[in-house]
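A, B, C, D, E, F, G and H are the chain letters, set down in written order, and residue numbers restart from 1 in every chain.
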Amino acid sequence: MAVVFDRPHALVDVSMHYCPGCTHGIVHRLVAEVIDELNIEGTTIGVSPVGCAYNNYLYFNCDMQQAAHGRAPAVATGVKRVHPDKVVFTYQGDGDLAAIGTAEIVHAAARGEKITTVFINNAIYGMTSGQMAPTTLVGQVTTTSPYGRKPEIQGYPIRVCEMLSTLTGAAFVERVSVHDIKNIRNAKKAIKKAFQVQQKGYGFSIVEVLSTCPTNWGINPVDAMKWVQDKMIPYYPLGNFKGADLEV
Amino acid sequence: MAVVFDRPHALVDVSMHYCPGCTHGIVHRLVAEVIDELNIEGTTIGVSPVGCAYNNYLYFNCDMQQAAHGRAPAVATGVKRVHPDKVVFTYQGDGDLAAIGTAEIVHAAARGEKITTVFINNAIYGMTSGQMAPTTLVGQVTTTSPYGRKPEIQGYPIRVCEMLSTLTGAAFVERVSVHDIKNIRNAKKAIKKAFQVQQKGYGFSIVEVLSTCPTNWGINPVDAMKWVQDKMIPYYPLGNFKGADLEV
Amino acid sequence: MEQKIIIAGFGGQGILSAGRFLAYAGMLEDKNVSWLPSYGPEMRGGTANCCIIISDEQVGSPIVNDPTALIAMNTPSLDKFEKIVRPGGVIIVDSSLVGRQVNREDVVTYAIPATELASEAGNATFANIFLLGKLIAHTNIIKPESFELSLKHGLREKYHHLIPEEMKVLRRGMEY
Amino acid sequence: MEQKIIIAGFGGQGILSAGRFLAYAGMLEDKNVSWLPSYGPEMRGGTANCCIIISDEQVGSPIVNDPTALIAMNTPSLDKFEKIVRPGGVIIVDSSLVGRQVNREDVVTYAIPATELASEAGNATFANIFLLGKLIAHTNIIKPESFELSLKHGLREKYHHLIPEEMKVLRRGMEY
Amino acid sequence: MVMTKTKVFFREDRCKGCELCVSVCPKKIVIMREDRLNEKGYHPAGVIEQDKCISCAFCATICPDTVIRVEK
Amino acid sequence: MVMTKTKVFFREDRCKGCELCVSVCPKKIVIMREDRLNEKGYHPAGVIEQDKCISCAFCATICPDTVIRVEK
Amino acid sequence: MGKKVLMKGNEVIAEAAIRAGCTHYFGYPITPQSDIAHYMAKQLPLVGGTFVQAESEVAAINMLYGASGAGARCMTSSSSPGISLKQEGISYMACAELPAVIVNIVRCGPGLGGILPAQGDYFQAVKGGGHGDYKMVVLAPANLQELYELTVEAFNIADKYRTLVMIMGDGNLGQMMEPVQFKDQEDIYKDEKAWATVGTGMKRKHNTITSIYIEPEVLEAHNNKLQKKYALIAEKEVRVEEFNTENADIIVTAYGTVARIVKNVIKLAKKDNINVGLIRPITLWPFPSEAYVKCAEYAKAFLSVELSAGQMVEDVRLAVNGKKPVYFHGRTGGMIPTEKEIYDKIKEILEKLGG
Amino acid sequence: MGKKVLMKGNEVIAEAAIRAGCTHYFGYPITPQSDIAHYMAKQLPLVGGTFVQAESEVAAINMLYGASGAGARCMTSSSSPGISLKQEGISYMACAELPAVIVNIVRCGPGLGGILPAQGDYFQAVKGGGHGDYKMVVLAPANLQELYELTVEAFNIADKYRTLVMIMGDGNLGQMMEPVQFKDQEDIYKDEKAWATVGTGMKRKHNTITSIYIEPEVLEAHNNKLQKKYALIAEKEVRVEEFNTENADIIVTAYGTVARIVKNVIKLAKKDNINVGLIRPITLWPFPSEAYVKCAEYAKAFLSVELSAGQMVEDVRLAVNGKKPVYFHGRTGGMIPTEKEIYDKIKEILEKLGG
């Protein structure tokens, strides 16, 4: 009786607070699986964001710090500089990382800070009830773009991977999605490699995960997966932007 | 008796406080010349940074606001949204724009804010006595990188134009230098075009000007110009990154 | 007269809007009213409740610590609020969803299988209205006509065709 | 004994370091000392000055509002500080650079063309040392030997070969 | 009657009824149990015909709440 | 003696002696006046042989302090 | 007066601001006040105004700086952690004398804390969370009608004195609904703002908005000017409700939603023939110190009830100046004192004092 | 004790921190305290420590959060506008009970203001510039020897109570040189910090550093715990210098560099047979209120002298509690009161009171 699939050890055995079908849950599991596979639970320190994942320090079995909104990369820098031999990661949403935390992520990358960022791009502020994010698509209706995002007024969504790839200190940059099985598997590979890049000391690594927010998108979880495929991926092309060739 | 060269009207007729040979002065004059040529002195509102140019509201004959360190793009956004028919520009150093003000410049660009930014990259914090800037070159000695900037510790300099070019909202992005006559003339052309791009409503425009800080570099003004050519330009290639083709 | 009401249940059961319709109806009758929702970062899927005060006098604090009436639409809500209802008050539970009896003996209790009855009447999501009916009947806090006006005001045009049905459910609740 | 000294001039004239050497020498003689520079965002090319207190008692405030001695190395500095020197105090000016006479009659005044004399002596940048010499001679605030030790401590090794020259200038100042 | 081996295990109390597992099962054997409510108030998912299961773990892979364990 | 026309005008009080103008003059006619100090305490720049000037305005273009006016 | 409408407190603020002529709103979402932004995003464009979702609270306050400096009536809103981030900008605006309205729907801290009602930002608002000597007018409404009226007032006070005005509420006030009656027309203080940067039009010397004063004499003079202005505001703009204070045995001080609870307590106490008075500061700054002078003669004691660990109580002490004992009762973390709890505290105090 | 060295105040702070075992410094340059960063950039790497120039003050305080949470002795420094930007982070650290040292070399505000000495950030430091109920220990040294010793103490207090400690100085203190004698060995409070996130090593349950408490009961309990800690600190850690207070006619309160001026004034007054006392709070929080109780019996009046428009004077008033009149004399904008000016004020007060 072989176990084909089971809960990873690094994921605390509790029910998570996310909405039904929210892909935050999938990404949590992937991160935990990678921690298990790399056998680094005891030497990893994670940093939680402010966003729907605000209390995911409850969900990872490694040591965790909860950071102020947007500041996870700064907090992680503080941690990593104290423990250069440990693995340090941040988990951040698109409001957290791409709005209020823009300076912190850009500079963590520019400094080549040896940390890994798991970046959940769900094109919206989930936690605070569906406001426009820097990654909200043109035309998308949110509570703060009630007439749809208009480029003349609200500008254009930021492509974080493309932007960070311009920084020499960013060693590994990849965009993935978790809207179907194949992509979930790719996502895990990317997350694993990002952690390994950190372990090898190449510099900053980030994996952007296209993710869903059925609640604030106002559609059901299955349709939300389709929305990622049909609407998000065309604007946010998947793939590796940097570091695919690094040996780990 | 034709006047070949004289002080532009938009530049207040006072002595500026910059150090001998500091190219801040050249760029001020170029901006003022452009304001004169476009005949927009009466309809322009400028925003001063915190940095050596902190009080350049004294030097421009148009209305001016002085912004907190790094926040000039936010202040300019406030101004522009109140007066969409006016021309609004910011003048910022590399500490101001590329360190503390990273989020503000990225988002002004992403929003396609119809403002123009004149960005003085002198690879150092001039005002506060020569600390490392995000643009300080690898190996460069500053008061906070006394052993020279080391990539393993302080990361790599940020190429602002390359980074902002990834944003759809940024309509015009160009890097120029003022280390010799030819480049000064090119710089002026770029600044003029940036203002015109704003006037036409294409979106955000920025001109990065490679500039000197003889005082904190610890070399004389003439050698400083050579340092720009020999050291800075190789890392910060000159040229247009976006919007060269826009009709103005 | 002053009624201090708590309506509580799962998110998605129309807890907040039921309270709002009630408060609005009170206002239409020129009473002093207040409505206060519970709010939290984890409302989704979690519990929701709101406090409504309808009074002849000025409303003091909108927080209700000693309700005169409680409508409970799930077990955790009954657990939480049962004990603070004023002696002599009323507790109305949706017995389709609440798995237990009310323990208080010093209050009037109605256990109504509202979800079942409402779905029999055509729409399970009107369970809240059914229970409100009972509340109105018991307390006389507002007139059903005011409630109808309140629905008209509060619902978007495209849902107005549902109002007759909702009023029917309300009256069935009143009569239950 | 307490001496409160202001040294003032252009940036680049060695104003601050002159003060620092003086204070250090005082410390070497086990006196209580303090040194306080003026600082501003526009020091470059602008004026610079510092306050030095050398005292047998504990130093109160390091700010000097009523100097017992002033060394002025440009006209604006003389303009600014001349009036606050204590009656009976001393004002020493570099007359190579200060375009006017001292107006006070209740203080001792020395007008010394220090820049010229120092450059005659081989190095115009030692004008500050020349003037310090006069200050030391007039006030006896420290011994020249302490000053020499102070230079040794304060200058980087590679400049130590200049010390004999500086001491020569100092003594010329003392004797002027 | 043939004993079918259980390959897919659901922790029903953890299920939020999102139906993602249903949407990915190649054998279409994952269904929502409309007949019961878990303590969170959701109809949980489950597999009726375990013998048809090919242990591909697609259901478990997409489940955001790690409800599912798969054996072979 | 021939009267030479003045083409390049320096506002000496504004000059900070940075020597940039000197470094760019194609005719090498801009010099620092070591003989005088302006009120800022700098030796100002100036042109001695105005007749050699070709009014290229290089000096003025590079001057950070807008000290120089050029005529033709 | 229009007819009564039932609205959420947060929406009342937004609607009142628009009625007061606010044309520009800059904000960053944060619970429990995001409805203000949602309302503004929807309504401002319809009246020709502009809503900008800033990239952060820091950006928002600096956009406000720009817009106010450009002459607009403008506003931002946030909640505690977001307001902390605005402190530098607030100090800048105060120094540059830029009029604007800032809303703080306070949540419970410190840190990320929780999102339930609290009054733990009192010190920050009235003493100065930012650097240097400055003051803001701080308004603390207790019901939605007052919230509406004070919001309009806030814009008038701001323009009249070129000052910042903060509206301080909590999640209860922001989330609750209560009937509100809007006026048909608002009283708007008009000022041409000749100091604003709107372009010179080549018709005047250029205007400058700044907070830099390098020369100490000049900065001190500017500070003296600011202090004079604050003194004038303190003289003219104190707002306070005194409720049942005449001959009260004990005077409770409470503001905002807590004051509403205290009013219930006063009713309770009346039944027992205990005379409880309430001083409800409506302006937290300027604090209504005057109101205490007379009361200190006859009241046996003072009690400050707050959703904090003890902040406003210091201003009560300063006002009472040792004449009578001053007590404190506070709850934190989103806990709200019940009527009974407050009443018990009052009885305890009176007993102790031999009341 | 080593031999005397002549150092700048800012460098004394940095050197003392390193001696106290500070291994991590995070900061962003700002006048007049950047020398601290320069010194750290040079020296920390030599002792195996780490200097990080953050991209902003906001980033710096959050790096501090991370490093402190990871168990390091760490520090940041800035000046007024920069400290304002750190307020959110300060509130977070206070809530998460993270020990660290923050230096504020205060400059004159508000706004960008100037860079000369001021004490206008007193309220921000002692009352709470950030949101919510929290306190920091605030140390105000007056000379460089004390600056050295208190900096070492700051790290000990921080670790002992898991609290933030602020060292408050001004540009004079930071820029001046004075002889300092360093000890051969520092007294270091040792704590194993079992709460820190250093990796579980698979040997224990995972540690969490957080400031979130969603349940009101839990957050209130946490606040109560914090308040209890603050009460303990207030009991144990008050530091004050009383100088010539016995039988003084008037008691002046002044801290930092201003206190040094007042000491000169006391000498001046002695010559005229006027007895002036000085209470010099060394901890601004906890404020040495006790010291006032006894003095209020015999002193005719109190005077607070500050480089502000009147901040600490409120704490003096609270301490004196109406027993004697309390006066204020302040300068702002970088202006420093002269001895004569203060003495004149004292004479004026005593005259008015019939002294």
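By definition in this document, contacts are C-beta pairs under 8 Å (C-beta built on N, C-alpha and C of every residue); 3 or more make two chains touch, one makes a residue touch a chain.
All values reported here derive from a predicted model rather than from experimental measurement.
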Starting at chain A, how many touching-chain steps does it take at least to reach chain E? 1
Find the chain most remote from chain H, comparing centres computed as mean CA coordinates. E
Using CA atom averages as chain centres, what separation in Å is found between chain A and chain G? 38
Centroid distance [mean C-alpha coordinates] between chain F and chain B, Å: 27
If you average the Cα atoms of chain E and of chain F to get two centres, how far apart are those centres in Å? 86
Please set out, as single numbers or ranges, the residues of chain D touching at least two other chains. 40-42, 45
Would you give the residues of chain F that are in contact with at least 2 other chains, written as numbers and ranges? 16, 40
Set of chain A residues in contact with two or more other chains: 19-20, 54, 66, 68, 99-100, 102-103, 106-107, 127, 134, 154
Residues of chain H that touch chain D when the two form their complex: 4, 6, 31-32, 115, 171-172, 175-179, 257, 260-261, 263-264, 267, 336, 338-339
Which of the residues in chain B come into contact with chain G in the complex? 41-45, 47-48, 54-55, 57-58, 60-68, 71, 74-83, 86, 103-104, 106-107
Given the complex, residues on chain G that touch chain H span 58, 80-81, 83-85, 87-88, 91-96, 106, 108-116, 118, 120-121, 123-124, 127-134, 210-224, 226-227, 308-311, 314, 317-318, 320-323, 331-335
Quick check: in the complex, which residue numbers of chain B touch chain F? 1-7, 11, 15-16, 18-26, 29, 180-181, 184-185, 214, 220-222, 225
In their shared complex, chain A is touched by residues of chain G numbered 28-31, 34, 37-38, 41-42, 45, 51, 53, 55-57, 81, 112
